[in-house]
Amino acid sequence: MDRPRHFEDYVLGETRSTYGRTITETDFVVHAGHTGDFFPHHMDAEAMKATPFGQRIAHGTMTFAIGIGLTASEINPLAFTYGYERLRFPKPVFIGDTIHTELTITGLDPDPKRATHGRITEQVRVLNQRGETVLACDHIYLAERRG
Amino acid sequence: MDRPRHFEDYVLGETRSTYGRTITETDFVVHAGHTGDFFPHHMDAEAMKATPFGQRIAHGTMTFAIGIGLTASEINPLAFTYGYERLRFPKPVFIGDTIHTELTITGLDPDPKRATHGRITEQVRVLNQRGETVLACDHIYLAERRG
Amino acid sequence: MDRPRHFEDYVLGETRSTYGRTITETDFVVHAGHTGDFFPHHMDAEAMKATPFGQRIAHGTMTFAIGIGLTASEINPLAFTYGYERLRFPKPVFIGDTIHTELTITGLDPDPKRATHGRITEQVRVLNQRGETVLACDHIYLAERRG
Amino acid sequence: MDRPRHFEDYVLGETRSTYGRTITETDFVVHAGHTGDFFPHHMDAEAMKATPFGQRIAHGTMTFAIGIGLTASEINPLAFTYGYERLRFPKPVFIGDTIHTELTITGLDPDPKRATHGRITEQVRVLNQRGETVLACDHIYLAERRG
Amino acid sequence: MDRPRHFEDYVLGETRSTYGRTITETDFVVHAGHTGDFFPHHMDAEAMKATPFGQRIAHGTMTFAIGIGLTASEINPLAFTYGYERLRFPKPVFIGDTIHTELTITGLDPDPKRATHGRITEQVRVLNQRGETVLACDHIYLAERRG
Amino acid sequence: MDRPRHFEDYVLGETRSTYGRTITETDFVVHAGHTGDFFPHHMDAEAMKATPFGQRIAHGTMTFAIGIGLTASEINPLAFTYGYERLRFPKPVFIGDTIHTELTITGLDPDPKRATHGRITEQVRVLNQRGETVLACDHIYLAERRG
């Protein structure tokens, strides 16, 4: 679980893929209740019948929270999150879709503020069971340089 | 609740502020259970005593989901989300902190792809009870232009 | 969100209608778990097949809690709840039904105990997607009189 | 659990008392998430410090749902709910209060519409650990008359 | 609810059966979130299509927790749990199955350590709507002997 | 995450230890709501003040479900659970305790029914922050023998 890795241990193009998880109606209800966002897009099956989607669509914040949560299988005690860039939701997530997350190291740069750390850009792609990308972003984190 | 606004109705510098919400231990446990991220940072009070934080800290994805959720009080049927930029977590959120969200329109631009829409940049700041920013990002959304 | 209104600002016959919300199996399970009422009427699909309903029916307390919750979109800081009268459940709520709430001001009376306040009677109707009333009651609240 | 009782089996003045249950911060958060009512009265500890209550207070709908839920320990297959009258909330419920429910049969009347049934009025009192009534109402239900 | 029984009040072969409860997709999601076990067996409908089960299967710990929970309808203040033996899961539980629990007293023995108590062995069987046993174990508890 | 291991890969005395998790009041409430067991031992802080425990104690089924859940970090696709033996709860778990699980391989035996598999006995110990064992059992599982 703990897997210490220095900045120098990361490799451009390195990939990791998570288990899948079926997004259920329960997840929709839990997320609405967790965030307080009960907009009809997510909660009113009748109203959504009349839209191009034809059905309820997931909160973007849920796809983000669960998509990132799926990657939480090991801890690098030498790294910490700096932020996220270019968060996009190219396709909706529907009840019953099964998503998983694919990670690729796409940038390894010096950190402009900290000589002791390097900056890692990890491309995040959440895909559904049809192989469509439903969420894309870049996760930026910093890892300690080896001595 | 529904409040239709065209792109031309938005004003640079316009602000909106939400109600506050106290982030509870329950929210930590619900978010871990919702996302599957049970890392000790969020769940192990004993282990966190030995860190500079001294206690459990919120998942960044939770601060984002609840911070954005707090803003879900009215729907503009003429607008939709494009994405989020520069998502950062300048300060940790602890159990018992009370957060609210402040929104400011900071950009009104033509949409490069759609002549029918304009692109709105809304600065998002989630603040705690001490006035510290615990989350910052830009929300980018598109709104229909008036005829 | 905060919308201060004095007793004199309310008008007989004034109406308000909420967004819709689809009542899910999740809501049934959450309500059972929240209240501790796991009676077969709400939880045992097999046993309910043999009844005239043919399926599980919602807890009355859930229809009340969600039906009232749907109305929680603005706060009148000059008013507070006195109570509820004539709470009835004319039709069952089934999993998958979509409900919304309609409010009508049906009474504006002096408060017998407080000269400073008036008593407002608001008729509450929760309706399903077929337009049937599934819950009816009167919400009684008090609002400050103007100076 | 199933305990069939005819209308004639009920006795005026008969009482029943439930187990106690401590109302936790978790219950507040669950109820807000279940109903969508995130008003600061229930969710914002900072804002409530400045009020006469000094702290968050429970949703009335929660006190009702849990107070009634506590009574759900046996089923009379010969009876069904008609409705509730005079629902009042004489005192607030705070996080950490322990409540239980006391029931007293206060009315046994013919049902005006159904010769086959009698109408039972059961006084409901939810009390806290200081013996204060935090919720009062009358539960009206109908039970089959003995052949 | 409280039903005090001494060791001598228990009878070999005595049985008790609980209400039924339909195990929902919500229960799967809640249990994963409660325990942190998001293994694909329970959470990934796509991956499970390719297995002999053809669908998601319940966590064994959930069948145990809910199967035992169903029996929690009365308290013997003179008894306490010693442990469980031979916990087995002969059949999977699927979403939509309705389970109930059957209890049989199969052993009444002196407690080797406490002359004041007797040891009761209660056979636990959780059955689904087809009468198949999905969980079996022995619950061992101790009850006070009559003076 | 997937880590295929044949029976022959297991070693007597091999140990594994999990992350810690603080058991919160939320977990108590979630478990009661998940299982339907709202007995005062777990839910009534007032009543428990008068007992030797002085406070609410965790459901045994929760300590089991979370204690086992903590171990769900990798999947051996060549193994499956046979059952659990000698489940005991030597000490209570209180709100605020931090638990983790320690696993030791204590038995490697031929499976009496399947020549293709071996039977693994894994001792499970759930410990609190004071190093006290709060749950003990043996997990029995079967793993494929190497060709």
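Observations on the structure shown:
For clarity, chains are labelled A, B, C, D, E and F in written order, and residue numbers in each chain start from 1.
As a convention for this text, contacts are C-beta pairs under 8 Å (C-beta built on N, C-alpha and C of every residue); 3 or more make two chains touch, one makes a residue touch a chain.
Keep in mind the model is a prediction, meaning the values are calculated, not measured.
The set of chains in contact with chain D as well as chain F comprises A, B, C, E. Traced through touching neighbours, the fewest hops from chain C to chain F number 1.
Matching CA atoms, the turn from chain A to chain C amounts to 120°, rounded to the nearest 5. Pairs B-E and A-E differ in how many C-beta pairs touch across them, and the larger number is found at A-E.
Of all residue numbers seen at the chain A-chain D contact, over half occur in both copies; the interface is built from largely matching residues. Chain B and chain F have centres, each the mean of its CA atoms, that are 38 Å apart.
The centroid of the Cα atoms in chain B and the matching centroid in chain C are 30 Å apart.
The centroid of the Cα atoms in chain E and the matching centroid in chain F are 16 Å apart. Among the residues of chain A, those touching two or more other chains are numbered 19, 21, 25-27, 30, 33-34, 36, 38-40.
In terms of inter-chain touching, the protein chains here all touch one another pairwise. Note for the complex: chain B touches chain E at residues 30, 32-34, 36, 38. Interface of chain C with chain E (complex): residues 25-26, 28-30, 33, 38-40, 43-47, 56. Taken in their complex, chain A has these residues touching chain B: 21, 27, 30-31, 34-40, 59-62, 64-66, 68-70, 72, 75, 81-89.
Those residues of chain E that touch chain C in the complex are listed here as 19-22, 24-27, 30, 96, 98, 129.
The part of chain D that touches chain E in the complex is made up of residues 1, 19, 73.
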